[in-house]
Amino acid sequence: MENTELKSVLETLLFITDRPLPIGQLCKVLGESDAGRIGSMIDELKSDYASRSASVQILEIAEGFQMATRPEHAAFVRKLYADKMTLKLSSAALETLSIIAYKQPLTRAEIEQIRGVEVIAALETLLEKRLVRVVGRKETVGRPLLYGTTPEFLRHFGLKSLSEMPPIESFRPSPAQDPPPAAEPAEASLASQNPEGA
Amino acid sequence: MENTELKSVLETLLFITDRPLPIGQLCKVLGESDAGRIGSMIDELKSDYASRSASVQILEIAEGFQMATRPEHAAFVRKLYADKMTLKLSSAALETLSIIAYKQPLTRAEIEQIRGVEVIAALETLLEKRLVRVVGRKETVGRPLLYGTTPEFLRHFGLKSLSEMPPIESFRPSPAQDPPPAAEPAEASLASQNPEGA
Amino acid sequence: MTPVVKDYEVHLEMFEGPLDLLLFLIKKNDLDIYDIPISQITQEYLSYLDLMKDLNLEVAGEFLVLASTLMQIKARTLLPSQDSEEEGPDPREELVAKLVEYQKYKEAAKFLEARAERFKDVFYRGSPHFSDEEKTLSIGVFDLLATLREVLDRAEEGGMEVAGEEFPIEDKMRKILHLLESRPYVFFKDIFQDERKRLAILTCFLALLELIKLQKVFARQDGPFAEILIYRKEAPASAEGGIDHGEHGTQERP
């Protein structure tokens, strides 16, 4: 690949990636064996960006390269994401989430069996907030989707791993205690999560 | 805020966002009341990018603006993500989606009325891919959930807004066996938006 | 009636409904949706239903409801026309209206598909990654069934069946894979080449479905009602340089 083309593809990759890309991986994707060449192309890109005072920069972080915003505009980025940071969950969503956390992977029908009500609205909220994801399909009739929790789930609840969750048996209700009635899934949180408030 | 600064912050926001930003939201984040000014700054940014043949472009999509890669380098992006970037929907899912797009908001029973068969599996797939979301409940017996399309839906199909979809009546089968109506009236506006053609 | 083929755990995911089948038959026979020959369509519709039962496919209840609607319409056309006003809505008109309505959305779906194809090469930061590729039969179930029907029609009539004769599905799966060993694809019909017995043909068909489900082969059709081809599925090339999203179906946002 010729230099201009290589630089252009590099720019594309550094833009689109959601994690730092090591030189080795860039070589593989670009089909280029000369890591030194990739390195100097990145340097060129860096100085191109700097010389036109672009508001985006190419950073070398621990494991690799990635585009990032410059600190000058941090206030605006924070403002953009301000609404997103607050995460309020309805009790229906929380109950659904705890069922998934303890019983994963499981299907929607299995969650509904436990909760005794439809959970599609709660599930949609959890998917939207990336607390839950599809982890595969169950090999039964219809191959229903299987759900599990995400790394975001752990981060949000301050857990290092799933094993940090208390054993489910510790929540066994005392005989007298009735479980609270299943609450309506509240739609409120959807709008606030969406920055444009669509 | 002075023009150069404004453009620079705009570039930052259009880069960092993971979803299209409507002009209104950009105004809010930037503390700028003049939407026209933001619009012309975006136009300037667009032509800056085009004139230096940047490998990234600014697109008007899904009722907002966002940076995107250019189609020329798609092969490398796919390679970076191990080919996990292409969503192929089944025809059942596509049909369910088109019903939702035109008739939203509507309930699952209403979709099933049109398709004549259960749609829960297709609906679950569409929710999971975030092409569709729960938008509320219908105030009838059982308060069934109402579904609608998402900004991701518009983005996935390259639509600026729902109004870019051809009127549903243009798809009505004609009494004689004429070929179905030409499928893409919106061609012109997209071609100009996406100069390379996909 | 019990299904002809029993005890096989082959399940075809059927997301198509009775309206899809009717629209398929209308297109296949090049009929006018506004002027459907009701006897012909009813007979064909019922024969597909029988075939689906023979294959032990899960036939949704809606299929049976529509079957009885069709027979009701047929019965009406045989009666001398009377004051139809008293009999409430004309079931034929209702059915045509439903078909026309649904047909519009099917065309709209094609519009969406074409759009997605045009924009598939543009990526955004935050574009979702798909860890579980949507499994789609690239051809319709009814296209498969239509071809199967042709094969069955050509085969010898059922009189030759030997009671208790067995056709293990595994044998048929091996046979199909064997056919594909020396070439990249075969015609769908070629799979049934040396089969003469109804049960053997049905079993062969189920074997094919199973292989599709196991992703050992895939079916392709270039254009409506074109010949169906069965391809061997190559082992996926190692995703060199790819980010492993196995544990990362969702993206982390700032």
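Note that the chains are named A, B and C in the order they appear, and that numbering of residues resets to 1 at the start of each chain.
Throughout what follows, a contact is a pair of C-beta atoms (placed from the backbone, for glycine too) under 8 Å apart; a residue touches a chain by one contact, two chains touch by 3 or more.
In this text, all values refer to a predicted model and were calculated from it rather than measured experimentally.
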Core chain by centroid distance, with centroids computed from Cα atoms only: B
Farthest-lying chain, centroid of Cα atoms versus that of chain B: C
Chain A and chain C, separation of their C-alpha mean positions in angstrom: 36
Distance between the centres, which are taken as Cα means, of chain B and chain A, whole angstrom: 20
Chain B-chain C separation of Cα centroids, rounded to whole Å: 30
For chain A, residues that touch 2 or more chains besides their own: 15-17, 25, 29, 77, 134, 142
Multi-partner residues of chain C (each touching 2 or more other chains): 13, 123, 125-127, 131, 135, 240-243, 251, 253-254
For the chain C and chain B complex, residues of the former touching the latter: 13, 15-20, 30, 32-34, 60, 62, 66, 98, 100-131, 133-137, 140, 239-245, 251, 253-254
Residues of chain B defined as touching chain A within the complex: 8-9, 11-13, 15-17, 19, 21-22, 24-25, 29-30, 53-56, 63-64, 67, 69-70, 73, 76-77, 79-80, 121, 123-125, 127-128, 130, 133-134, 136-137, 145, 151
Sites on chain C touched by chain A in the complex: 11, 13, 58, 123, 125-127, 131-132, 135, 240-243, 247-254
For the chain B and chain C complex, residues of the former touching the latter: 15-19, 59, 66-71, 74, 77, 79-95, 97-99, 101-102, 114-118, 121-122, 125, 129-130, 152, 155-159, 165-166, 168-169, 171-173, 175-177, 180-181, 183-184, 190, 194, 197-198
Contacting residues of chain A [partner chain C, same complex]: 15-19, 25, 27-29, 77, 81, 84, 130, 133-137, 141-143, 150-152
